[in-house]
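Next come the structures, one after another.
Same chain, two partners: chain A is paired with chain B first, then with chain C.
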Partner chain A sequence: MTDLSVASSPASPRLPNDVWAAPPLLVLAALFFYPLSLILRQALFGDEGAFTLSHFGEVVGSPLFLDGLHHTLVIAVSATAGCLLLGFILSLVIAFVPFPGARLVGRLIDTFIALPTFLVALAFTFIYGSSGLLNESLMRLLHLPLPPIDFLYSQWGVILSEVTVYTPFVMRPLLAAFSLIEASQIEVASSLGASPLRIIGQIILPAALPALIAGGSLCLLLTVNEFGIVLFIGAKDVITLPLLIYDKAIQEFDYTTACVIAVVNVALSLGLYSLYRLAVAHFAGSRAGLV
Partner chain B sequence: MLVWSRAGRILAWTAAALVFAIVYGLPIGVIALASFSGQWNDVLPSHLTLVHYANALRGDSAEQAQVSIVTGFAASAAALICGSWAALALRNLARLPKRALDVLFFVPSAVPSVSVGLALLVAFSQPPVLLNGTRAIVLIAHFVLISAFTYGNVSAGLARLPPEYEQVAESLGARPFYRLRRVILPLVAPYLIAAFSLSFALSMGELGATVMIYPPGWVTLPVGIFSLSDRGSIFDASALTMILAISTLIVLVGLSRISSKASVR
Partner chain C sequence: MATPVPSHLLRSDIATAGEARSALSTAAAPSLADRRVRGIGFKDVTVAYGGLVVLDALTLEVRSGEIVALIGPSGSGKTTALRAVAGFVRPTRGRITIGDRDVTNIAPYARNIGMVVQNYALFPHMRAEENVAFGLRARGASQAVLRERVAESLRLVGMEAYAKRYPRELSGGQQQRVAIARALAIRPQVLLLDEPLSALDAQIRRSMLDELAKLHRELPSLTVLYVTHDQTEALTLADHIGIMRDGKLIAFGASRSLYRHPPNRFSAEFLGRANLLPVTSVQPIGRGLAEVRFGEAVLAATNPHGLPQGADCLLCVRPHDLRLRQGEGGHNALAGIVESVQWQGEANSIVLDVEGHRLRLTCAPLGEPPEPGTPLALAFDPHVVTLVPETSGD
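Up next is the complex of A and B:
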């Protein structure tokens, strides 16, 4: 194509295409990859400057770290499962049991993505906290001396907040996938006597599987990295890896330990991110093959 | 249409509306109510007041709002330039280097924000560049965290652009810079605006990296909200959260108006 552009005038020496990618890459290297590599150096060399795996061994074997890793994984997996379930049900109603204003509701949930995550954690203390809306109402109604509902300051509080915050990330790809399903396919199936549950199982779910996997792996990544919600709920025994990094670096000034934990956290996130990319690439490729 | 009977449909709508109200309506409603409440020792607040908004509009909180908006605009503008540049540069590359660089530009979105904050803290507290304790380090953190989203939005827009426009312009003799300025950028303008508004929203709500690196004189709204709620001033924190959410939404809605106008043109 470029050979045809006879009109493009003087034989000015053109820069090769690759060179144009260099400036943003350099910016990113200086501001992101260089700092990131220093985390690894601090984790492996510590303050003394000699290579040692002792910091790594110490931290990774400590109960504090193992507890944090355990909490991080349990919270991320449970929250993702919750997001998938809630997102699937809400998208199903919006897409297949349409009502006036369904699209507006879809867009409203979408704007939730733009709001800070800690908003939900703060709201939950007003609703489910020990002197919150729910507990006060129940205590008054049932004449209880103590707040009956006490899950907010456990990992369930964090999980529930994360489900609220991250469900829109599942609904976005799901609604897009649902809009590709032919309405006539569902109409034919139901006129042949298939029950709604069977239609969901045999038509909708298979079509939505790529979107569920893509949305779910994105959720997993975001929930592993979530910090604001855990910090705001502030439960003493719910410590995740990001919170542990913050505690070590900012409260205790123990940068080496913080860096070791950060290396593990970053590795975990990058692993989940490659999973997400693979899922998206796989389904994009197979869909392209079908069409 | 999945459910044919009227009763079934009404049942599905009611259930969905209930779930929606509990999961999304209630939290927003409660924050809004708390931001106006004088005292809340009972099921509902005993009286309503505007004092938390008055608090938010003076002193530290007003300063924090200003800091957040300045940081958001500066970081988003820088990310817009850098991300669009990267997306445009990658457009003409061969398949393999393009995919490799694409992954590199997306990586910052996958790294936890607290770790980005820690990395910047470690890197810029030692020579050759000392930035610890300056405003610049907050800007850099926000820029790094949002750059991937800007890049993603702009390259998605470029991918949807039919190649014919540029080819026609080229065959008519338009030089590369002219093509960029008069053909490509106007066509992807809606994506540029969407990218900017998303990054602005993300920057306004950023907490993880900021809390690691902010200097004393440069406190953003989320950090301010956290320290208020940590001290127990939860009603002031709610009012500030409302201000943060509403100002973010105003910018988003405003920019999407401009963007839909641009796409109509």
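Up next is the complex of A and C:
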């Protein structure tokens, strides 16, 4: 691609490419790689200044870290699965079940992406919290002494909030993919005797697979790093890696431990991100062949 | 497409998934009882979108084993009529029958139809053979039946060598063949085709047309509703033709007689680009003929619609029925001035001005084509021209 663009405008006097690349690289280095290298240095050298892997060994082996990693993965995977399921069903309805206002609903869900994530957690406390709308009403109605609904301050509260917040991230590519499916394909399938379920499974799902994988890996990436929601829900025994970093660095001033966890978290994110790019690239390639 | 067809492929009796299984299990024993008279029936079918009527009280009968073409300009309601049979649009009024069954309120997947559309609509992630197998799988066919039917259907359209290809690896014409095989694999009672050749280029279209005709000779009991805006396709394939305009069926008849004796101006113009001359004072002269006046001239023509004495009407002359003559006078003679001449390979097309009316004439290539401005004498056989009432058809 680059070769082509250069070849098409030959003799024009222009700066070499590396001159143009320098400023953004410098900014990137200053804003991103330098702090990252500081974190890496703190993790590997600690406060003493001598290189050692012992901090890594200690932290990574500690029950606190393993518990955090476990929670992070369980929450991220469950929330992503929830997003995929809910996103698929909602998109299916919006795209294929004609109802007045389907377009508006699509737009509304789209604007959801613009909202700060912890807002949903806050809203949930008002609705499902121990003195929230639902519990108050139920207690008054059924004359209960204690709030009957008590899932919010647990892993489930976090997962539910994340599903609510991140489902639109799945729906956006899904709706785009659905809009590319020819209506006549679905009609022909139907006239051949396929039930709606078979059409979803054999026509719509394969066409939506790239979008599902792209949206799903994006969700996974975002939920692994989610901080605001976990903090706002504030469930006592739900500690994730980002929260652990925050606790260690801000509350216990244990920067070395915080940095070790941060390095693991960054590695996890970058790994997931490469998977996401790989999936997108793979399907972009094979789709190009399809169309 | 040349292989003889096993007789049980002609059966068309699978209705629902449940019925399909029992039908498939007895598929090896075809009987004459299956050859009941079946077809498609429209009775007073009306379709409206948001109060706007796009199909207006369509009544039409497609007999079993027959090809009926619906033709008309874009937006005239042809696709809507076809989709009503398939079950994708719900009539606001009227009944639709397939065979002996009233299907007006039956879901599309239970109607036992094969459908072929302009853009092929193959499933892109399935190979050709998987596309063809789709309907059979949906109906719960056994592996043995599946394999046999897929092979048969692909052979029928000459695509057995391409079974393993994905749609993107096939040309437009090949994709449409697979789409036809997919529709035929379930042995539908009726086959609905919506402009199946419109996306193909002229040469492929012509050969596909021949093959569709051949296909129907091999599957003579298949009832076909063929929607097109192309009169050549309709005239080549159809036993009967219906002409649509603004949601209404304005003409219906056996292809040949509809072409020969169009019942109104629109049909005459749409089917075969007729020359229409306004004539006056009809005077029946017996044997189905009548005389009319065109300026000073007296012309004889057939009067199949029984236009009464003294009526004004149109004289319909097909371009290839007009003949160039030597000299003046004689019966059924017209005088014209050449406007333009086109050489079209196997024919010459001459446009003439006849007393202010434009007439088109096609004839075998002329050695010495006339120059524009040359006066020419024309004549025609009274038995091949038709008097058409001056109505639009509404």
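Going forward, the second predicted complex is superposed on the first by the 278 of 291 C-alpha atoms of A that agree within 3 Å, B and C clash if a C-alpha of one lies under 4 Å from a C-alpha of the other, contacts with A are read in each partner's own complex, and residues count from 1 in each chain.
Methods note: a contact is a pair of C-beta atoms (placed from the backbone, for glycine too) under 8 Å apart; a residue touches a chain by one contact, two chains touch by 3 or more.
Quantities reported herein were computed from a predicted structural model and do not represent experimental measurements.
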Exercise for the section: Pick one for A:Ile109: touches chain B only (first), chain C only (second), both, or neither. Expected result: first
Practice task
Determine, under the contact definition given at the top, whether A:Val97 touches first (chain B), second (chain C), both, or neither.
Solution key: first
Exercise for the section: Would you sort A:Phe118 into first (chain B), second (chain C), both or neither based on which partner it touches? Expected result: first
Handout entry: Partner chain in contact with A:Gly193 - chain B first, chain C second, else both or neither
Key = second
Practice task
In the overlay, work out which of chain B or chain C sits against more residues of chain A.
Solution key: B
Practice task
Determine, under the contact definition given at the top, whether A:Gln185 touches first (chain B), second (chain C), both, or neither.
Solution key: second
Practice task
Once the structures are superposed on A, label A:Arg277 by its partner contacts, choosing first (chain B), second (chain C), both or neither.
Solution key: first
Exercise for the section: Please work out whether A:Pro206 is in contact with chain B alone, chain C alone, both, or neither, and reply first, second, both or neither. Expected result: second
Handout entry: Residues of chain A contacting chain B in one complex and chain C in the other
Key = 187, 190
Fill in the blank from the handout: Contacts from chain A onto chain C in the complex sit at residues 182, 184-185, 187-195, 198, 202-203, 206-207, 289-291
Problem - Residue ranges of chain B in contact with chain A within the complex - result: 1-4, 8-9, 12-13, 15-16, 19-20, 23-24, 26-28, 30-31, 33-34, 40-43, 82-83, 85-86, 88-90, 92-93, 97, 101, 103-108, 110-116, 118-124, 140, 143-144, 147, 167, 170-173, 175, 198, 201-202, 204-205, 207-208, 211-212, 222, 225-226, 229-230, 234, 237-238, 241, 244-245, 248-249, 252
Practice task
Going by the contact rule at the top, pick out the chain A residues touching chain B in the complex.
Solution key: 1-2, 4-5, 7-9, 17-18, 20-21, 23-25, 27-28, 31-32, 34-36, 38-39, 42, 86, 89-90, 92-94, 96-99, 105, 108-109, 111-112, 114-120, 122-127, 131, 133, 136-137, 140, 163-164, 167, 183, 186-187, 190, 196, 199-200, 221, 224-225, 227-228, 231-232, 234, 241-243, 245-246, 249-250, 255, 258-259, 262, 265-266, 269-270, 272-273, 277
Handout entry: Contact footprint of chain A on chain C as seen in their complex
Key = 16-17, 20, 86-88, 108-115, 117, 119, 121-125, 134-135, 138-139, 168, 179, 182-183, 186, 192
